[in-house]
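Paired with subunit B in one complex and with subunit C in the other, subunit A is shared by the two complexes that follow.
Our next item is the complex of A and B:
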């Protein structure tokens, strides 16, 4: 008897195993609507906009892999949003973590699986257009937007942003606004400058001489690096200071691009040539090619080995560490003009007036879109936005005498903010903190980004930006997608890093020949196709 | 008395049909269903996805909805310079791995086998297995800390001894050998396990008789141990030959850097950048298919050769 029962159990178990195995791989029932299957259509009451039946919306949120913080899709603030917004409107707000460094892949996989969130976003316009080209974005009903997100709609109208979201004559994207931030800056060790008795460089030649003096006097010890240098971002080599001014519009259209470096463009060549000179003279990090994420450059600077360093300034992690290593370090803003060759202007890449580019998933139901619009509308309300950006008074910030919040950086309690003051949540409505006036914004930025005693860096940078802004320009905006960009960009980005490294590290006498060779390979690898397609689109627009 | 009927039965049952065995040993066959289902589900079902090598796969259209394009993807690969570079590097690096790396576990196993002190042997074995369990990302991190120019520990040491720095990771030839040697270091300990197991299966009486015949340690290794594990060596060689077209993504990706791209780009990293990052899934499926077909041919050929020269084959 006993034997028989063992046998039966065994048979059942093995059948179960096989069944489970097969079931796990069975074809899913095609899921047309992401999110909740209980979502009925047309359930919204028109008047008070509360849904009769529960609606589930999925909102993407960047996961930047920052250590020591709660998960981006489940933390105090996601629960706060659920409580304050979701529960009151009969909406379940689910957050979907999107790895920042791999966002396009993640979105594509979710789209392929039919699991993509209701919002599909990207910071870069051509990349957003690529989602549209793939059929992942649905048309936006402007009347619906007006009804369910009037404030959000009005902001888009006031800042004249809606026009950018029109593709082939229809509205597909709406935008978060972008107040300017002034924390991207280059710092130079003022104490080093004082030691070599030199004044602040104001053009490229002076700058190179300063670096030479840093090198010759070994101010950072035996391994002195005059200027910290990292491997450029694969897409971020704009050569702004080397561009002609004013720039002919066609050149801007063909070569100014956030995703592919225009290696074959003369300004880029000149910029790399300067880097080649700096490298060969030992004026920038010799191992920059091994530093693809900038950690080495940062380490060199905060350890007092490097004299010049550019980064997004943050309250913690840069200057405070430098001071703990080199207590008497003094810092100044390196003016943008120090990077400008003779005859050039301190041009920089200006942002578009918009921040996050937002489209609605083409598979989302009408109710889901409405609910998502309601979330945007709720989030853009000043009091909600203020809480999301600053947290809880007394815990994450204190109110200053001037009525502006001052962040408490080291609050570790339950209500602590997610990375960068919850930015990845409220980026759906605005790209920075806006307190109504330039002055107020600057004041908050000075305390937000700079450690105590170094607020002047942000202020100097602000003044420089205001003075130079006349030279800045945005990338050209095409009214159609350029398919070749999305097709070839990752290949070209990889090639750019490879070629850039070789060009910077080669003997100056070989530079021109090598550059010619790489340009040809670069064009063959797809850049020619990009130029051709852009040219065609540009000429069609000009007609 | 017991033996005879059993033997008889065996001979007789040879003629019985398949169903007879299924009926008699049905529990065992049931047990077999699990691994077979596993192989079918995880190895054979996904092969249906290979169709996208012949399609213009669009993620939103799916496997079925994408358009057929015939051999267009293959034409595109075989006219791409980067693919040839990756192919060349894959073959060179794997060839060197095989040439320098294949004998190492054998030598190491023979050496371990000669150690008489048991605890010393155990400690050594454990230490040798350890690197196998480290991820390539960690190994590469350590390698860069030790070997990078300027601030790497080894180069600092060399410099302070008055020697010239060695560009282990930043010059093509040096990089290739660094890559190969780190690979050998990582895998040789683990590779000894199979050889050690197969050495223990050698009849100890053979060693005793060899001792009586006056064979020394070398003699025993040469005439007993090595021939004893010969079939294992052949088998592993065949397996390794089948892998010569494959490549470890983690290893090449984490040890590589833009300076040595010319020699560090292998098929796996090419597939990653051209396929996953650029989302040309069709193109890289075609590469994968090509890789597998060549691998299969290599295994079949080496199996055929080994049977020709009188060894046991794998198939």
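Our next item is the complex of A and C:
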């Protein structure tokens, strides 16, 4: 009896499960509907570009959870945009908060629900192409762009950016521009150099000798670390200085990638070998493997224990702390050539000429796209952009004598700027502040990135960049997505950090054998598939 | 005789010595484990009370350096933090109340033999322990129900926990004997009256425990808020905390230009962590007294 009833229950449950599965599979998922169902179509008046019926557009904005600021989707500046742009054009501009650390998930979820904003954006090209592959991006009508966003279009043409947005022969993306910033730099303690009576190193051998002198003289106390070193980013180990120059295009296409390190590539091997030498001689942080976010490296530098440190310079948080711990510390820019082995050039990975990569939601109606284009066009106008970037004169900034704005950092009133001078709103048109000329930009950067008295670091870096720019190049740009990259990148990134640590910390005599072993495992873990797919795509493009 | 008592005595001291050794061992282990749990917390508190410079230099371990309350002033002065706190309290209280109501309503009938088909019903509940729809279907469901950007999406889906229901059911089964219910039945009490006046008072400890499970679970969860909520006034505290802690790491690995300001200094992060954790810790002492109450003594006579 009991057995029978148990069996009956099982049968019923299995049937139920099958039924549920079938129901789920058979559900008629409607084609994704436009994000804003209320928006009427075909309501644009051609003459004055004002919509007869109100159009609602949704614009994504990063939410970085910065403490102490008003909501990113409802603040003085969103209301200002509504008042200055929206109300005048019969458009409602809604901002959709996208968590910065979880953006791809969030966008995918919104897309799945047909709720995605009218703009889909990403900073990294492969990720943007992934949205295209998923069918989330609509084709851009260039004539419409010319008509509704002429300035924006012209900027894309002038900077020759449009070609990057062509996939499978059609225009899918347009781009914000990117003025160069000069705030990534490596600092060396000039007072240490003076103490050991050495001049600024200009190549790798001299640099290693300087580090040895730092170590032998224990300039940072008993635990001196000549150069602060952290665990590299799982995707960021470019070995630029070890690459051949000029680099063969095919090698660039196959191995230079922002998301996966080319462990098996000779330049990467040579670079790791140098790190192995430095580590074994005690010239870089011995516990770097535990420092995955760089806080230990920074702490060593600001405590005066480490002599060399590279980071994005900010006005607060590095040099000011160092000075509070070591008041007589002096700093110089470590030239890029100090990391370059014999015969190499100070190459660096150049940014693309573009900043934010912008596509229009494939579910957006024509009017929504037009209205979004009008927003881009309005925002790129110099006076609008200036106000968005600097705020209200007398409240958030004052005008300097040289005609350049100086921010009032501690303004707490209603018109206060959102995080990073409203950047997450105007990133749709430009990736940094542009004051019209290189000199003006440099001048503003010197005062925004460097603390008082250290502006020369930014200036030196700027001059170095100008001098070395001839060696810089960008990654190769495929006209299709490489699916293996997104499939294997997380496992390969994890493996790279593990292998890197083992390779740097092994005995130099064991290095080559260990490297061979790891390369094989790395290829098997998916890197071979990436190379194959890239090769195929590359050869097809060359035909 | 003397011999025997000597032996007994020796045995006694020996076992006493072993007991003592065991006690010492247990105390040391427990003390070490507790310290392991408490130290990180103290570390975060110390960081939240120190100056930025000392924290960047990693000089703060367990004692604050350059003691100041600047970070807390900024956190408490931030209306969005306070609003998120209220939002979290509201959601947690509603969630716990609803969760307990559902759990009791499901658990009590399942303990009664009079209920026909209770095994099947149990299996239905248990299936939800093993299978779930997955994130995207869940999201689509919330979308169709129109619950996106609505606090109900944070309360309804998780309110019934089969796991807690099983704990409750087992506990009722073992603490409330059938005979007790029968005697109440003979005295003329109905089902509701038996549940409210006899079973629930006897189950106070387990109710308190489950309330804590529900409340702490809701308080600490953030993922559903990250997915379902995009309007900032509705953010839960943990959601804000998640954004605050995560963001700094991502900007560096993309082509995004670096900001000219430090995103969220370590000190502020620590203060926010404490701000988000203290309220739920404070509830523990209030609930604890129920854990130890021996309510059952003398309930069934004979």
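Following the convention adopted for this analysis, the second predicted complex is superposed on the first by the 496 of 543 C-alpha atoms of A that agree within 3 Å, B and C clash if a C-alpha of one lies under 4 Å from a C-alpha of the other, contacts with A are read in each partner's own complex, and residues count from 1 in each chain.
The rule is short, and it goes like this: a contact is a pair of C-beta atoms (placed from the backbone, for glycine too) under 8 Å apart; a residue touches a chain by one contact, two chains touch by 3 or more.
Since the model is a prediction, treat every value here as computed from it, not as a measurement.
> Applying the touch criterion given at the start, work out whether A:171 contacts subunit B, subunit C, both or neither, answering first, second, both or neither.
A:171: touches no partner chain.
> After superposition on the shared chain, which partner residues are touched by A:528: those of subunit B (first), subunit C (second), both, or neither?
In the superposed model, A:528 contacts neither subunit B nor subunit C.
> When the two structures are overlaid on chain A, which partner does A:112 contact: first (subunit B), second (subunit C), both, or neither?
After superposing on A, A:112 lies in contact with both subunit B and subunit C.
> Is A:72 contacted by the first partner subunit B, the second partner subunit C, both or neither?
In the superposed model, A:72 contacts subunit C only, not subunit B.
> Contact-wise, after the overlay, does A:181 reach subunit B, subunit C, both or neither (first, second, both, neither)?
second
> Going by the touch definition up top, name the partner, subunit B or subunit C, that contacts more of subunit A.
Counted on subunit A, the partner with more touching residues turns out to be C.
> Let me test your reading of the model: by the given contact rule, A:270 touches which partner, first (subunit B), second (subunit C), both or neither?
In the superposition, A:270 touches no partner, neither subunit B nor subunit C.
> Taking the superposition on A as described, I'd like to know which of subunit B and subunit C A:491 touches: first, second, both or neither.
first
> Have a look at where A:315 lands relative to subunit B and subunit C in the superposition and call it first, second, both or neither.
second
> Which positions of subunit A sit in both the subunit B and the subunit C interface?
In subunit A, residues 105, 108-109, 112 are touched by subunit B and also by subunit C.
> Report the residues of subunit A in contact with subunit B in the complex, numbered from low to high.
7, 10-11, 14, 17-18, 21-22, 25, 104-105, 108-109, 111-112, 134-136, 223, 231, 286-287, 289-290, 292, 487-491, 494, 497-498, 500-502, 505, 521, 524-525
> Subunit A touches which residues of subunit B in the complex?
27, 30-31, 33-34, 37-38, 41-42, 45, 58-60, 62, 81-82, 144, 148-151, 169-170, 257-259, 261, 273-274, 276-280
> Okay, in this complex, where on subunit A does subunit C touch?
9, 12-13, 24, 63-74, 96-97, 99-102, 105-106, 108-109, 112-115, 123-124, 178, 181, 183-184, 233-236, 258, 293, 295-296, 298-299, 302-303, 312, 314-318, 320-321, 324-325, 351-352, 355, 419-421, 423, 431-432, 448-449
> In the complex of these two chains, what residues of subunit C are touching subunit A?
Per the stated touch rule, the residues are 52-53, 56-59, 74-75, 77-78, 80-81, 119-120, 123, 127, 135-137, 139-140, 143, 148, 226-227, 230-233, 240-244, 246-247, 249-266, 268, 272.
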